[in-house]
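I have placed the structure first, in the form of structure tokens, so that the comments after it can refer back to it.
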């Protein structure tokens, strides 16, 4: 268990293993709707993909109770994942809570820009909920940790370290995933610079773009318009989005 | 398995084991309503009670899938069971399909009248669905068997053997359980004689007399009136009922 | 935590959990399984001036997370109730609500008058989902004028607290609620069952003896919440909410939507002790959600209330 | 077994299984998962004359065996549809039903007129659950006169087969059906979603951005069946039934209640291939129930039909 109430679950499925980091699995549990969960690790060689999730309700509880060997009904990979960074410029990952897992999938696939160390900033409410810190260190990342209560790393949010990193890396690329309030702050902190990619969450119906349930406010061709997290996202560039 | 798709399930519960034959267990499964099932055997010494049921839908399927050691949520014993026979006169049990099990519970508790052999008439659609024949024989009953397709015993219904038994036993007492069509025929065949007891089925809500779901047409103080199978029955005397 | 609820005309409940009419009989049926003194109240099966036979069986049918019933308001009439059932209920340490039904305005009036002569009844609940046989069978609950007429007739006969139970089977339930408020109702109870049906595929016919039936249980909870939420904003009098409650969280949903108390029906058939469990759990659940007391919960999801403030600020979920 | 269905104005379906409007997008979204050519038809997302933005998120919420949605009929308008979506749909080997919406009678008329100029559309489905902004927001589907006005306006613009999709949120749905039949509708589709709501307990507010939403899924099946059963008796034109279908047996229930064809919605979100499975299973299920063909099933549970005859005579169950 990566943290209390968190479960990482591996599935054997060559098509899923080919996902782009930031794409998601739409998992049938019980109840009327599938559950969207990002991939935390992808092993295309063995055809395995992992999802890492927090047990928060009926669907994730059911999923966490599945035994080894169980057959799951998963649609995917769905959505638009993170574009790989321009490998001539430094990049930084910013993750909060259960937004951290998809960043690990990205970190595992992407190569650092020459003469830079990739940076990872991880936030959580409290130390016990902090996910995957060691994994990013093992990949050679420089890791900053923040917790709301100061029980681990810096007290505060990911925005502190991010602002410092951005100041030092004016051409840096940012990849963030976490709660909306955090993404909104990341968007604000990163000012006008390009190459800020944000992975969003929204309640979903179909997961394939058909029902228009999963929208967030974005910039359309003719002014503000709703964008679908499942099909237009979940990863958006900062310019595509409007935060309240 | 007593017959294909039939399951007998023992529960340890001293209060249930004290049931009167003909009373029922109201078993929580899934879905909104409990399932009423009669007791097939009662062992008051060890505090065990058994129910024997056919798997016909979601509830019985769930129940049949329970493993040894499972804890069930059962209300009971509920309803009015069979009155014990007057042991000075012969008696006869008439069972059809899944109406047979509660008669076994009765047969096991009741003593034959002096110088008589209790009679049991069992009917089923076809041989493979015939329940508990051997058990009645082991209790020393004289057993007649009928099947609709003649695949075992007499071809036809229980009414044939019953009519012959009634002709030979003008003071005989009759205890019947089975589908409504069979009970209606038993009532008609037994003419005006008293001591004919019929155990009915009806779709139930509460099982305790509160919701008035489970009614059948009966004779009330002021003419026809609905009687509750769960609380006024499931066992009724023939005079209490009106068959269409 | 004090769970007591004060309602109009001095009606005081120990707690907001009431057994819903038609699902708890007249009390004694469940007495060996449920400790009635733990409940805020019980609403008895609908009472008509004369006995009603009800519909032919089958009278219940399961649907996905729901229950269809076509009991057809079978009851032995108000007279037998007063003689046979009231003595038991007078000794029950809980509030007794008499649910009343009729086919004409006068029938409602007669039942109300008869019950008002008895002690031991704490409130009346007027079920206006019955067909008005004089007006061609449209139910009283589908027309504001007819609903108001029933309420006025009942009001003229009794000083007991009166709640009118509204039907979801109408275009504007809140309009009916407003009409009966104006006609003197002290409270609204909402909702009664939703008209539905099922087909018995094997027998190629409607599954219920009554052809159509009333849908209850968790399936209708969203419909009930919407009506409670709308009615709570349309009237000044308290609303007693119901429809599909099966857990303490469900109760909280109804309270937040504006219900001052709730009734619990169908789930009792499966879990007779669920109401008691809810009464036991409620204080802790309310505290955990950050409320100081029951009355703070009531209406907290209505417009203009503390909407935007989440209970816990979770930066990272 | 031949599953083909013949409907008015020459509308022929391969089989009675149609994807319900709003749950299947414009076709391409599910194309990699569902073989559209296996379906009887698809009804596309509601189309208005100009783009509609829809409601703020969250737009979906789970309820017991149900789904609440407050999409708010977001769509990019009929013009973009004709240019962008129709070319794909013209190549799909299934019947295309265009679902049309409007805030005024004239908006409905405009969409119908625009669509009638295009090839590749096999039928129109008029969704009258939209609020009439001229008449203060009551939905067209709640008033027989307004519903008839919409239908007449559409009829004047098109020779395509037209079905009107009726709302369950009204006292007498069958009365609306009759009114639109008289105004020239070729078919009725029933039902649209049931108004409901949920409370997000943790945030103390309505769960949906649109406050109330439409309830769909198995929870509403009994409500839908009752309306189909009543409408099938009230009108002469065919009824397309829907609401909570998730299995082949559910389809049989709707057919027996009088539906000539059905639409399948919410279950597609969980099991995109369920419609295909139903098409594959239907012949065997119909035969096992003792019917010779699809048309024998339709209406077999209506009054005056073979009611009393059980499918199998089982003396002992």
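Going in written order, the chains are labelled A, B, C and D, and every chain counts its residues from 1.
Just so it is clear, a contact is a pair of C-beta atoms (placed from the backbone, for glycine too) under 8 Å apart; a residue touches a chain by one contact, two chains touch by 3 or more.
By chain, with names taken from UniProt: C, D = Dihydroorotate dehydrogenase.
Because the structure is predicted, anything quoted here is derived from the model rather than measured.
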Both-way neighbours, i.e. chains that touch chain D (Dihydroorotate dehydrogenase) and touch chain B: C
Greatest separation from chain D (Dihydroorotate dehydrogenase) - chain, by CA centre: B
Rounded Å distance, chain A centre to chain C (Dihydroorotate dehydrogenase) centre (Cα mean): 46
Computed distance of Cα centres, chain C (Dihydroorotate dehydrogenase) from chain B, in Å: 37
Chain C (Dihydroorotate dehydrogenase)-chain D (Dihydroorotate dehydrogenase) separation of Cα centroids, rounded to whole Å: 33
Sequence positions of chain D (Dihydroorotate dehydrogenase) contacting 2 or more other chains: 65-66, 217
Multi-partner residues of chain A (each touching 2 or more other chains): none
Residues on chain A engaged by chain D (Dihydroorotate dehydrogenase) in the complex (per definition of touch): 28, 31-34, 73, 75, 202-216, 225-226, 231
Chain C (Dihydroorotate dehydrogenase) - residues contacting chain D (Dihydroorotate dehydrogenase), complex: 63-66, 68, 142, 169-171, 194-206, 212-213, 215, 217-223, 225-226, 229, 244, 249, 252-253, 256-257, 289, 300-301, 305-312
Complex contact set, residues of chain C (Dihydroorotate dehydrogenase) against chain B: 22-26, 29-30, 33, 45, 53-54, 57-62, 65-67, 69, 71, 74, 217, 266, 268-272
